[in-house]
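You will see two complexes here that share subunit A, one where it goes with subunit B and one where it goes with subunit C.
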Partner chain A sequence: MSVIRLDGVTKYFGKKAALDGVSAEFETGRIYGLLGRNGAGKSTLINSVCNRVRINKGEISLDGERLQENDKALGHIYAMSEGVNLPGDMRISSAFKVTGDFYPNFDNEYAGELAKRFGLDVKKRLGRLSTGYRTIAKIIIALSSGAEFIFLDEPVLGLDANHRELFYRLLVERFIDSGCCMVVSTHLIDECANLFEHVIIIDKGKVICSESAETLLNEGCAITGSAAAVDRFCKDMDILSQSSMGGIKSVYVRGRPESVPNGLEISKPDMQQIFVSITGGQEGEGDTK
Partner chain B sequence: MDFLTDSDRPIYIQLSDWIADMIIQGAVKEGEQVPSTTEISVTCKVNPATALKGINMLVDKNVLYKKRGVGMFVSEGAVKILKEERKRDFQEAYVKTMADEAKKLGIGKKEIIAMIERSFEE
Partner chain C sequence: MRFRALLKNSLRYIILPVGIVTAAVMTVLRCFYLHRDRLFMGETGEILDIYNTATFFDSLFVLVPLAAVIGFVGFRRICKTAFQNNISRRCAYRAVLITGSLFALLLAAIKLISISMPVFMKDTGVYVSMSLICESYSPFDAVADNFDFQAFMPGIMDNVAYSSAGFAFAQYYAYISLLIFIRFFEAYLLGASMSALMYNRERVVKLTVIGAYAAVLLSVCIYSDKWHRLIENPELIAPVIGIVVFGAAALIFIRISNAAGMEGD
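And then the complex of A and B:
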């Protein structure tokens, strides 16, 4: 087993801390969900790990070895980021070859097979691809990289439903075959919530939750009913978020009461709802404890 | 695949119930092979650890057994084990609930039996 460890990582852009004392661990043999709202610091975290941005404070290590400016160790990490780091006039087949120069375990045959499954013409030039196919090309390179740690930043951007489905299947397949570490940062939480073994939520540059997916899903519950009854029943509970419509109120609380009085309903929220409630509501306001 | 729709129960339990259903309904017979954890996690897009947990629930109940290097198979007597378990659940989830409600409404034992007989004839 290999592990990437971030310890007190801080990165400033001007005066703003994009990452503010972030500590986290990523182990091989696990799939991580890296969740956060727009601008929370997800991409900065990924770019810091693969040394694309220089951090101001803290340590990032792979099995105890410092990662910054360490090309040998960085060869174990592949990060698919928002941009394409290769020239636009490069053909996809050449992009495969170039990646293979940096990643000795790059599987060219597998990349070709994936291109076929996605219907991607490898003779096309990168700059000529639609948004969806540009993402597909990046996904293929990442999954074929043979790296022990694969970071995927918004891997389904612009993908239609069929291609997203195919991507999730391939992700699991590749994960099982290689036992690598996959870190997926995404906005489409519901679609891949079941894939994650561990979830890290960052907000305003800080890790506000790092939990096994199962624990996170069982940590709280939603209680719904008439506003007065809900308020009465939940007054001593740890309320994480609430919303109401007309006289009906729904609160998300930590823990799960054994039973609820008649007229109230108890349900288990999904990961999307949990995410929204712990990152402070849809409008970026509300109870952010 | 979209049979994992019930968000109120953990995924591994839903997976385990899904396989149990296939066995009870005879879609997979005793002695036959069930999908591997790999197939399940790829098809259902769930973490392999979750799929394994669901499978292991059935191994613990002696419904499935592992053939080394080959895969998971349905044990002899699996249907009987599952049906007996479901019967116990039926008692808990339906019969007991019904009896409690009946007491609340003052419906007697004879009346309930008559009601059940009527429902069976319909």
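And then the complex of A and C:
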């Protein structure tokens, strides 16, 4: 088992700390969900691990070996970025070839097979593809890279529902076959929730939650009913978040009461509700970067 | 292995396109001019003026823009590839420096081949002055253009008549050696600039690098008297175009690198 360890990683952009003393671990044989609001620092975290940005403080290591400026260790990591880093005039088949030059375990045959399943013409140039197909090309390269650690930053951007389903299936298939570490950073939390074994939530450059998905989902419950009844019942509980629509109120509380009065419903919260409650409600704060 | 992969890609995307396209365009142009001049001027010294004009035109309209465009498109591809595949900065610097050297040597070779063409026409009775045909497409060549070969190699130069082909060849090979040395220097300067632009986020670093590069070019121009010759001979504007093209390409490059998220602002 290999482990990437981040220890007190800090990255400043100007005076703003995009990452502020982040400590986390990524192990092979697990699928991680890397969640956070816009501008929380998810992409910076991925870019820091991949040596794409210089960190100001802290240490990143792979099995105890320093990762920064370590080509051998960096060869075990592949990161699919939100943007396209490969040249736009490059054909997809060339992109497969170029990636194969850098990742010796790149599976060209598998990449071709995935392209067929997604209906992607490998003779096309990257710059000529629609947003969805560009994402598909990036997904195919990432899944075929043969790297031990695969970071996927917004992997379903622009994909239709069918392609998203296919991607989730392929991701799990590849994970089972290779036993690698997959880190998925996404805003479509509910769709991906079933994939995650472990969830890391990052907010304002800090890791505010790092838990197994199961623990997180069992940590609280949602109580729904008329606003007055919910308020009365939950007044002494640890309320994590609440939302109202018309006269109906839904409150997400820590723990799980044994029973609820008539008229109220108790349910298991979904990952998105948990995420919203942990990251502090629905109001946006804007990007201060 | 990853370093070799990056070098392989550098050769594929910079050296080969530059070599093939530039050499092809130059050959076609030279053949066209030589053929036309032979037809209309005969085998006389009059060819000189026409040939010099041709040199000026292909420097101005072919070599400078072609080298700049292909070079920077190629470097951009390499930077993006290096960035996508998590190449360490040290490895990327080395690849850019080596590619830059090969790139510069290739351009020198292409220019030298084009210089050789009239020299090898000596059997036709045409003597072409080196100082005239060697007008530069890079300001650094001005150092070679203004080098005092007579003082540097008196033993050789004293023994050959000034107007003989022997002198032309002695000067020619001395010029080649100096040009290659200068090309290496230029390549490393270019490589260092590109590397600094590639992986440094701070705008001040980028501007300093571009400013330093421009300052060195300008100093060379002034030191080598190119500046005065430029004022007297407006057709020697090619090096200036080179600086402008470099500056523009560098600015575009910064935009691209920022857009690609290379520690962008």
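The working rule: the second predicted complex is superposed on the first by the 279 of 289 C-alpha atoms of A that agree within 3 Å, B and C clash if a C-alpha of one lies under 4 Å from a C-alpha of the other, contacts with A are read in each partner's own complex, and residues count from 1 in each chain.
By our rule, a contact is a pair of C-beta atoms (placed from the backbone, for glycine too) under 8 Å apart; a residue touches a chain by one contact, two chains touch by 3 or more.
Small disclaimer: the values here were computed from a predicted structure and weren't measured.
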| item | value |
| --- | --- |
| Joint occupancy of subunit A by subunit B and subunit C, clash or fit | fit |
| Per-residue touch tally on subunit A - higher for subunit B or for subunit C | C |
| Touching partner for A:192 - first (subunit B), second (subunit C), both, neither | first |
| First, second, both or neither for A:113, with subunit B first and subunit C second | neither |
| First, second, both or neither for A:213, with subunit B first and subunit C second | first |
| Subunit A as apex of subunit B and subunit C, Cα-centre angle in degrees (nearest 10) | 150 |
| Partner chain in contact with A:270 - subunit B first, subunit C second, else both or neither | first |
| Partner chain in contact with A:121 - subunit B first, subunit C second, else both or neither | neither |
| Subunit B versus subunit C as contact partner of A:176, first or second or both or neither | first |
| Minimum distance between Cα atoms of subunit B and subunit C in the superposition (Å) | 28 |
| For the subunit C and subunit A complex, residues of the former touching the latter | 1-3, 5-6, 8-9, 76-77, 80-81, 83-91, 201, 259-263, 265 |
| Parts of subunit B lying in touch with subunit A, wherever the complex brings them together | 4, 7-11, 38, 41-50 |
| Sites on subunit A touched by subunit B in the complex | 31, 165, 168-169, 172-173, 175-176, 192, 194-197, 213-214, 217-218, 267-270 |
| Residue ranges of subunit A in contact with subunit C within the complex | 13, 43, 47, 50-54, 68-71, 74-75, 77-79, 81, 83, 85-87, 90, 98-99, 101-104 |
